[in-house]
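Per-chain residue numbering starts at 1, and chain names A, B, C, D and E are given in the order in which the chains are listed.
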Amino acid sequence: MKAGNTAELNVQNKIALNLRGFKDFFIGILYLLPSLLLLGIFIFYPMIKTFYLSVFLTDQQGNPAAYVGLENYRYLLTDPGFLHSFKATVLFVLYTVPSSIIIALFLALLTNEKLKGIGLFRTLFSSTMGISVAASSVIWLFLFNPSIGMLNQILTMFHLPTFHWLQDPDSAIIAVSITTVWMNIGFAYLILLGGLQNIPADLYEQANVTGTGYWYQLFKITIPMLSPTLFFISTVTLINAFQTFGQIDILTKGGPSNATNLIVYSIYQDAFVNYRLGEASAQVVLLFFCMIFITFIQFKLGEKKVHYQ
Amino acid sequence: MKKVELQNIVKRYDNQHLAVSDINLTIEPGEFFVLVGPSGCGKSTMLRMIAGLETITEGELRIGEKTATHLPPSKRDLSMVFQNYALYPHLTVEQNIAFGLHTKGLNKIERKNRCEEVAEMLGLASYLKRKPKQLSGGQRQRVALARAIASQSPICLMDEPLSNLDAKLRAHMRSEIKHLQQKLGMTLIYVTHDQVEAMTMADRMMILKDGKIQQVGKPLDIYNRPANRFVAEFIGTPPMNILPAVYDKGSNQLLIDEQRALTSFSHDFKADMDVFIGIRPEHITFASEDDTPNTLRGIVYHSEILGNETITDVELGPVKCLVRQSGQQLFSPGQEVAVSFPEEYIQFFDSNGDSLQAKRNEGNKVRVG
Amino acid sequence: MKKVELQNIVKRYDNQHLAVSDINLTIEPGEFFVLVGPSGCGKSTMLRMIAGLETITEGELRIGEKTATHLPPSKRDLSMVFQNYALYPHLTVEQNIAFGLHTKGLNKIERKNRCEEVAEMLGLASYLKRKPKQLSGGQRQRVALARAIASQSPICLMDEPLSNLDAKLRAHMRSEIKHLQQKLGMTLIYVTHDQVEAMTMADRMMILKDGKIQQVGKPLDIYNRPANRFVAEFIGTPPMNILPAVYDKGSNQLLIDEQRALTSFSHDFKADMDVFIGIRPEHITFASEDDTPNTLRGIVYHSEILGNETITDVELGPVKCLVRQSGQQLFSPGQEVAVSFPEEYIQFFDSNGDSLQAKRNEGNKVRVG
Amino acid sequence: MRIVKSIIVYSLLLVSASLILFPIVYTLMVSFMTGGEVLQGHFLPEHMTLENYRSAFQKVPLLHYLVNSFIVSLVVMVGQLIVSSLAAFAFVFIPFKGRNAMFLLFLSTMMIPWEATMIPNFITVSNFGWINTIAGLTVPFFALAFGTFLLRQNFKTIPKELDEATQIAGMNRFQFFIRVVLPISKTSLVSLGAYGFLTTWNMYLWPLLVTNNDKVRTIQIGLKEMQSQEVATQWGVVMAAVIIVILPTLILLFAGQKQLQKGLMDGALK
Amino acid sequence: GCGNQTSGQNSEGSDAKNGSDNGKTKVVFWHAMGGDLKPVLENIVKKFNEKHPDIEVDPVFQGTYEEALTKYRSVGGTKNAPAIIQTFEVGTKYMIDSGYIQPVQKFIDQDHYDINQWEPNIRKYYQVNGKQYSMPFNSSTPVLVYNKDAFKKAGLDPNKPPQTYSELMEDAKKLTVKSGNKTAQYGFSMLNYGWFFEELLAEQGAYYVNHKNGRAKQATKAAFNGPEGVKVFNLLNNMNKDGSFFNVGSNWDDIRAAFVSGKVAMYLDSSSGINSIVDNSKFSVGAGYLPHPDGKDPQGVVIGGASLWMSKGIGDKKQQAAWEFMKYLASPEVQAEWHTKSGYFAINPKAYDSEIVKEQHKKYPQLETTVNQLHDTKSTPATQGALISVFPESRQKVVTALEKLYQGGDPQQLLDEAAKDTDRAMEIANKTKK
């Protein structure tokens, strides 16, 4: 009898749990509704259109003209130009993401101290995020200028070899990376600083009392406790790096010899200069899946290591 | 073994809230020093200043023979149990305990051993792999304690380290801590609000109120010869009874009200002086006849049994006093009783609350037999 | 005034750590119910299940007359003091206390009044404008308490709400809480590790161990008639002495060792039965001659004075026992003494630890008068 | 000891600051130069001239554009904060089925290069009749996976006891959101706000697409209007405009910092 | 300031138009004239509006030509389309094919407007199959810009710029100044920009694509990888190898800075950029014709810049008003103003007779050289310019080829690659054409 009773109870439990789950689902969706609606209209719908276009050849006005199946993809995957773009993109990501984060972290750690005038430095360090891609690219264009650029002038001043920054394929990608890192620093810095300040002070108090040194605390407390923020900023920087466009357009236009022809720039070219929307769409789709894959991996590996309160 | 010296220490928060004022104190090497006082009196603040976690607004702190007023915490070579534990949420219990042990020059195996040993001692052995949030409150507190113990620093600060433990475990911990402190010769500064802890563990203790020292001394001395009313009432549960009285020079009596007066005492008062009579509940006895000296009549207001003892609240005219007896002997409210105040246990305080016989009372009975 | 009923409640964390197992319990409306047990036994877990903060793995919970197993916490109309306070860091003390009061339909002025009233009662009046971070540990705890009290919900859960307060304040709080509980007719479920709290405040109390109920009953009943060795040792400080003995049918004696035996007791044992003799330290007396029944000879191992009482550890051959006397009477170690065990205070437990006379002992002396 | 430490820290700060600021300082210098000086590669202007600033204001209705930019950025910022925080709240505090999948779906939108969505969105917006309106400039950016992600990461660090205490207090989820979660997360809200504001402030192509006249056009278009393609650009003027454009954002950042700091002082957990 | 006023008026005007009809016909004019040209253009528009009370032209800056076209693609053929859009010369074929535009020939015929008063070389670029499609507006050609002071220093005649490839190479070598192992001054430079390559090709009378530069019929294959193209590449390659060529990349400002700062002594620039170069340089600046290979007869240059296109489907009234505006722009007075203030050619040569132009030419004699060069051009399909819809893409391929050339690539091979890519682009474009 008692057994029957418990069984019945458990069934009731399950029903109640389901009900609660259903309600939670409903409420959850309610909170997500504005986002879902807007994303649906402004992202998913265009994206579906992109998928659709990617199996067509389009006319110059961007309308589908001839169905070609996966031909666009096949072409891209065998096109040395696209593969080169892909390689350049990966290289660019490797150059910019870790360095942006490390520099920003360094600055954030530096300004996390309580010192006089630190507010000013904090503003200065985050200031690069206040400058548009277009403006900063133009500024750097001047700095990189082979004849009058300040960088070369400074290098000459210290009797160092100068570079044809943007004219040499090898240095061009580095130049673009420097620009990008500079632009990234402001925001990454701000976010990391916020993360640092959210770490409860008593953990450091304890560690100080224990007599542990700076580096030990950095690696045993700061980094682990900062992991959600680090995880966030690295994901975002990564995604942004994959989508870099503005600085390329102004600094190099993808050159020299396609050295900085990153995928998104190549997409832009195909869609808005060459009027081949089908091919551009196929590139978008490829980039999209590639990034989904990378981010998914990052989440699988990252979220586990990330510590939340 | 290091000495800790505080000279004219003052602490002000945000330049306004005065938390600790003008503390002068020397804690001897290897001493078990207990800090007690009401909530918010500045105990944690003092501890945190010694640890170097709060700046010292004024005064000088010396640790060992060195001035340490501005020494960073990591250079003070001490360990601490925080009132709110301060466990690392991202580390397991084991890692929490072993945190920073490498600074003591221990290798991996030694660290592991030390950690296991301490965990064993504090009953945490089966939780070593858990994260703090998977622990109960008491378990967390023990982890914090374990961490401090494991470091075996010459000075250890503990801020209410046993507050979340049950009586039994607490008794066990008390003896373990005391034992360890003696074995390692640690200088231990210990904040507690538990009187049993203070009385049984302290070599010396200090009573703090509103950031000011009230009394420093051996626990028994303080219990027996409180320096003022505050200490008298603060130490001992239930607290000492304090009855206002006026000295009548003519009859050489201390009048509580018209019908009640103490007649037998050995202290000289000034005429018409306002006096407070202090007597601990356990020193009052129920008298069968009221012809013995210092016996007062009263009416039982309330009586309750706490397991092994009975607390009775007796109304003596305008004032009330608590009587504590061992055993379970309930009185019914309204019952008339006579209580007697043995002369040797009576304390007197002046109208400022200061003890009138702080010096005089040496001869208090501490029988060894 | 609401009843709380737990039926076959089981809690497993992460589907593995069993924290609470098969609890059946009814807490009556308006009852002051205290939960005690060693650290990690599942007290907080139980409270959190009642509050709806942990899912109930198995079983049913009823609050009032309604099934509440899956009711969200906000629908349960109860208040709670969290073991780690859970104060809102961004709100001032005042805002923390008043938090959520508007859901009770109070207007601004009422909220303010209620808040001030409670703050006054808990001695927080001068901290109302501060943020939690600027408070001492005990002050924070009082804010947490104030928040729960201010809400005046019919059911209130408190998880060690006084653990960070000093004895005096704690005594004050105890009476305030008790008073309030009675005034408002709250059903109060109270977790504590403080025996005095448990004994003085509880209408009924429950002892938990490893997630299992050991005994439920009135505090005095539990003190006097512990259901098993665990309860006997857990309740009471210092704990009850437990001495192993063997029943010798021939001499009708309980042998502790060759030289020591109890001769006078009113319980029937089986031949050669292993028995545990339990007696509380305060019930043992020092005997001048050893011809009274149940008098054993021993040697003083250690003796200490705790203000108003003396605890002496006496070696009785292979076992030790604690003796507690009121007054300050130190023995020196090594001294020979005789202790006697009054028949009426002796408890017997079988080898499983269960009490042999749980039912029998009704007549225990609770003298009124 | 402390002094040595602060000397080291300060010198590191100064070095880093000068490295980071160099391009901006250079811009400032260029903004005071005449065209020839710029092209001749000077670092310091020969004579400080404010001519460039004057002509920047003259050529383009900079002030009007600045006001537009300000309004648009503000609206986007507020919209993003509302929409993202609602979503992030759901992802952290409402345990509904499929929320991880949903979150990944959200994240996936971050991977879509916005160039790919630009044209369809332009058509959508013109179908809505939003050309030349604030709505057209702002609404498409309200939903921001990135912002949701940022806030989610931050909400996750809020101790769950606070959620519990709020539930016990009989408050519903939305009240918890408004009264506890948002105030405690002030830091990230300010960060996200700054981000949203500045990215909108820096937007160029979209405002160019959805506006046809000066009425709602924003400052970045103004910057572009100062540059020419084949004919020589007056870089001094452009840089003067860049400085004018950076200035409000820097002020905003500075104020934000102050606010942030204040928020941290009393909002810090524990 | 005055800019402010202009814009205020504009926005007010457009507001009124959108709301109620106040009797004025509104002509929206999308242009890409940023920088100093914007106020010039706006001023012209303002004057027109004052003269024509029934018409209101609303000039709207739409970013670069590419950006404006991107937007036009979405609104083309709808009533949201602007009445007039300014598009670069390489977009000509694209615009013709798009089906969104109304050839101005219709109005020329209607009005019996005399287009022969226009500069023939400019007019012909935008004339396809005998039909005038768009209205030429801002036009430029390449010129050789050089540093007269440097010429003197190198012992060269500052009034005799090099004419042939070999002269160019020799002069460049002489102008190259080394200090240590660093080059202080290079002889020559050319922007990595397809346009200059096209010009050097046209100068030799060579076609860029087949079918007479696509003017006989739809082009299907690239032709620029012929011997003439290789000659150009060889020239650049040789100069690059002997160290007299300075590679500044693909940015206009970089090359101008190189010249102004004295890093480069000669370079190719657009005629429209000369004014400011002269203004900004501390030395005296000379201008010469585009060089040609030895022994070949120079054919002249192709016009660059942009023209104005009229939209289809916006109603007769608007089209008529737009035409009115276009005519106004082509008038000698306006052209004179435009020429002097922008540096672009006057499409109506009568403008050159006006006083202000004469004054301007006195001040900037270099401008005269550019005008003369244009006049000396022989009008052939080669100098009329190629007609292909994928021109921007093809240009890009040529730029890549140039960049690779400076990295040490083989000229013929690089050109063949660029040609192949152009072929593919054309093939797809032709395939998808409706």
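Here, a residue touches a chain if its C-beta (ideal position, glycine included) is under 8 Å from a C-beta of that chain, and two chains touch if they have at least 3 such contacts.
Quantities reported herein were computed from a predicted structural model and do not represent experimental measurements.
Among the remaining chains, those touching chain D and also chain E are A.
Between the interfaces A-C and A-D, more contacting C-beta pairs are found at A-D.
Relative to chain B, the most remote chain by averaged C-alpha coordinates is E.
Our note on geometry: chain C versus chain E, Cα centroid distance of 94 Å, whole angstroms. Between the Cα centres of chain A and chain E there is a gap of 38 Å. Per-chain CA centroids place chain C at a distance of 58 Å from chain D. For the pair chain B and chain C, the distance between C-alpha centroids works out to 22 Å. In chain C, the residues touching two or more other chains are 72, 84. In chain A, the positions touching at least two other chains are 62, 145, 147-148, 200, 202, 272, 309. In chain D, the positions touching at least two other chains are 38-41, 119, 159, 204, 224, 235, 268-270. On the chain A side of its complex with chain C, the touching residues are 6, 9-10, 12-13, 16-17, 19-20. Residues 8, 55-56, 58-60, 69-70, 72 of chain C are the ones that touch chain A when the two sit in their complex.
On chain E, the positions that touch chain A within their shared complex are 66-67, 69-70, 73, 76, 94, 97-98, 192, 246-251, 253-254, 257-258, 261, 263-264, 389-390, 392-393, 396, 399-400, 403-404, 406-407, 425, 428-429, 431-434. Listing the residues of chain D that touch chain A in their complex gives 6, 9-10, 12-13, 16-17, 20-24, 26-27, 30, 38-41, 43, 82-84, 86-87, 89-90, 94-99, 102, 104, 106-117, 119-121, 124, 139-140, 142-143, 145-146, 148-150, 153-154, 156-160, 173, 187-188, 190-191, 194-195, 198, 201-202, 204, 220, 223-224, 235, 238-239, 242, 245-246, 249-250, 252-254, 257-258, 260-261, 264, 268-270. The residues of chain B lying in touch with chain A in their complex are 51-53, 72-80, 82, 84, 86, 88-91, 99-100, 102-103, 147, 151, 153, 157.
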